[in-house]
Amino acid sequence: MNHKIRVLVWSEFRHEKENPKVAAIYPQGIHETIAQFLRKEKDLEVATAWLDQPDHGLSEEILAATDVLIWWGHKAHGEVADSTVQMIKNHVLEGMGFIALHSAHYSKIFKALMGTTCSLQWRESTDKERLWTIAPSHPIAAHLPQHFEIPTEEMYGEPFGIPEPEELIFISWFTGGEVFRSGATWRRGHGRVFYFRPGHETYPTYHQPEIQRVITNAVHWARPTVRIPDTCPNAQPLEPLPHDAEAAERPKEGFR
Amino acid sequence: MNHKIRVLVWSEFRHEKENPKVAAIYPQGIHETIAQFLRKEKDLEVATAWLDQPDHGLSEEILAATDVLIWWGHKAHGEVADSTVQMIKNHVLEGMGFIALHSAHYSKIFKALMGTTCSLQWRESTDKERLWTIAPSHPIAAHLPQHFEIPTEEMYGEPFGIPEPEELIFISWFTGGEVFRSGATWRRGHGRVFYFRPGHETYPTYHQPEIQRVITNAVHWARPTVRIPDTCPNAQPLEPLPHDAEAAERPKEGFR
Amino acid sequence: MNHKIRVLVWSEFRHEKENPKVAAIYPQGIHETIAQFLRKEKDLEVATAWLDQPDHGLSEEILAATDVLIWWGHKAHGEVADSTVQMIKNHVLEGMGFIALHSAHYSKIFKALMGTTCSLQWRESTDKERLWTIAPSHPIAAHLPQHFEIPTEEMYGEPFGIPEPEELIFISWFTGGEVFRSGATWRRGHGRVFYFRPGHETYPTYHQPEIQRVITNAVHWARPTVRIPDTCPNAQPLEPLPHDAEAAERPKEGFR
Amino acid sequence: MNHKIRVLVWSEFRHEKENPKVAAIYPQGIHETIAQFLRKEKDLEVATAWLDQPDHGLSEEILAATDVLIWWGHKAHGEVADSTVQMIKNHVLEGMGFIALHSAHYSKIFKALMGTTCSLQWRESTDKERLWTIAPSHPIAAHLPQHFEIPTEEMYGEPFGIPEPEELIFISWFTGGEVFRSGATWRRGHGRVFYFRPGHETYPTYHQPEIQRVITNAVHWARPTVRIPDTCPNAQPLEPLPHDAEAAERPKEGFR
């Protein structure tokens, strides 16, 4: 791949406008904080979009020119248009990488890609979260320690309603006694999907270096090698078929 | 499980009404042919439903009383109501088994459970299909030979747009030179999903003993051990949490 | 399967003889405590064996008549004969179920089946272990609560050097801050393998009802559907091959 | 990774010396033919080794300086020293990539990494092999067509005694009626493993561009991101543990 990896960071951008404490942590929105640390990487080209832009800041053209889409949503999942969800899904299945952050576990697009409830347990309190790097040689875990802590975070606990991850990379320990599969990957069509748990809006999680490292690694991991449009072709045989005496008579049904 | 396994066989039941040659093979519908061989099993209790019944013959009550749903559709996938698809999906995620047959690869419900395109190559011609039992000790392969043939079938060829199967049980060889992952399983939520390729409406495939054996085995394999409704609960800590001096001040956001 | 499930419980049976405190917990050996609660199940037929019996209490005949082998070893892994390990492995690959308990993660046979180091972190201290049931609908989790505790146990922590589990069923939380994939399954050949973490010899873990439930469930889950001996046959073609003008000349190499 | 990818191509190099027809195809050995096309890649540094060299041409130093090891063996698997197999295995588990070609399915090292029989069906005859690229967006499939043929090859047929592949990339169709999972990946420890079916010594398979492309791609895919030696450490707690009144009394057992 000769061009830079084109990353689009999307967030809801609502809490930041409505809640002064969230605004104090993410004054220009969570998407902008994420974009800022990604822009330090020379091989990344980073854009942003958010819910209240026209068409949520997304279009066929924009997604076709996006290699990896990062998604943060929380309280307005229902406001994302179904047609937008289908459009994103199509691009992921063609090869666009997709990174779902924190409460995006309940976004329409993540649930559509997983095919499951994506439900979990949760608690907003004073839990400390410690992430264990259980697949230390995975590219998403590059340069990360065996374990690292987030001083205070929302707790997400098991059972987490996802398909069995293809690669489980992080498991979280919480002070309150819970565990969670915090970093996991799946392939969907030609696209790579990564879910990463941390990032409640009331904590400065995306300012933390280890979290930035995980997301940066994940962008590199999720970049497509190729983009393959969907087809369901009628195929000619590659080998000779037996003669079919009844062929003229057999009912011929179009595939759909 | 003390009760019988309650199986519901659903089919589109359109080709049979419109095409005399299909009607000659499946005079009462594909669903009824499948139901008939399943009814020979003492531990199964078998019902049927089809597209043109009110509400497609499905309801919350019916699905709640169904252990395994078998689905055959082909040319009218688009006529299945989205609300019905969501209802079925919820039941699968709670534990109901789901068996997708042949062209049900393109049904709304199978695609929703997979999260992918489910596209493939296809050809209606004179191909012979030979299924190889690549996981001979899997319960779905019980009592089946190492390979078995269907004299003439529609060809489905790779690439097949599915997530990596958790268990790949059959691979098909076609005269025309193609191969296909013909029998594969996935877990989705608490439900077990099996896709089985054969069964084009213009061939007597579901009258063939090996095919009947696979579907019968799959019903037994897919029966739920338990049914667990979806929840996403706020959880109390199990261990003491540190005191939070700022808790009163911190912005409190409802989860959704 | 008409006969009872034939279970063989194997343990090292050394700590119990050398350490009075272990003997106080497992007076007849860990294997006998496990056998005792399994014998309460009507469909199980339970035998035991241990390291210091002739041939470690194992033979071709015994293993051929065993449906599920349970293995507990700790400090004498190296004393198990390599030929015994190969014999057990052959039986697992033919279909015999295998359940590795606690420190059997480092047994020769478990490592041979996994193909990996099976290393981990560990600590003998005052940790409490809480197991989270992350796959509550899996047969091995039947009748188990969402989480349950072992008052004191040896800590095993990630990273755990295993292949990605096919089904991850339990994750443990430890007081000291660690997490662990405590219950996981793999298929190897025609046999089913389950690893279950708890069970340090100095704690009464195998007397705890939840632990007994897991092991009892696992025995039922791991029972073989069929037993298939290994072969690598020279196969005749099923379809006509092109004539080979050079066949007489081409060098013919035996497979091995 | 700044240095070149260091590839070591190992082959048995026996057929070539004993059979003039094999020698005509691979005059300097299969390893040398593979090395030659790999040497055309600027980012690869390619060395070779073979069975009859001292220590099979392998040592701790050589493997520590190898990023990806390619292995071709056929009739002398038993002559590879067990200590060498263990040494290679250790390096793979630490991160070294491993590519097993054709009859290396039965090599000691591949079987040790898989934990299974790796058995299959086979036939030396006039079969044509057609490989279907079922995961066209996988890096190992880059620049490859949807399907490609080998004019004549030894047939390998299912069932193939491997663990479920993590990624299935190629499935083969054979004239004689068989199918085979011809390209598959697994992670073992920190190393990536790829098995690729084609390459019987009596056919010029490794001279074919598509085959060379697959192997070249696989080398790039299998390169380690990091190399992590095996440890099984005693770990200090990260969180305060409860006081243990009985600690002095409890029997203390060393881990091994």
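Miscellaneous remarks
Should a chain be cited, it is by its letter among A, B, C and D, assigned in written order, with residues numbered from 1 in that chain.
As a convention for this text, contacts are C-beta pairs under 8 Å (C-beta built on N, C-alpha and C of every residue); 3 or more make two chains touch, one makes a residue touch a chain.
Quick caveat: nothing in here was measured; it's all calculated off a predicted structure.
Residues touching across the chain A and chain D pair largely coincide in numbering: over half of the numbers involved belong to both copies.
Here the spacing of chain A and chain C, counted between their Cα centres, is 36 Å. Separating the centre of chain A from that of chain D, both taken as means of CA atoms, is a distance of 32 Å. Put simply, the C-alpha centre of chain C and that of chain D have 27 angstrom between them. Residue positions of chain C touching 2 or more other chains: 130, 136, 147, 157, 164, 166-167, 175, 177-178, 187, 189, 238-239.
Viewed as a contact network, the protein chains are fully connected, with every chain touching every other. Residues 130, 132-136, 146, 157-160, 164, 166-168, 171-174, 177-179, 181 of chain D are the ones that touch chain B when the two sit in their complex.
Touching chain A in their complex are the following residues of chain B: 15, 19-22, 74-75, 77, 89, 93, 103, 106, 112-117, 119-128, 152, 155, 157, 161, 163-164, 166, 175-178, 186-189, 200-202, 230-239, 241-244, 247, 249-256.
Touching chain A in their complex are the following residues of chain D: 95, 130, 136-139, 142, 147, 166-167, 175, 187, 189-190, 224-226, 228, 238-239.
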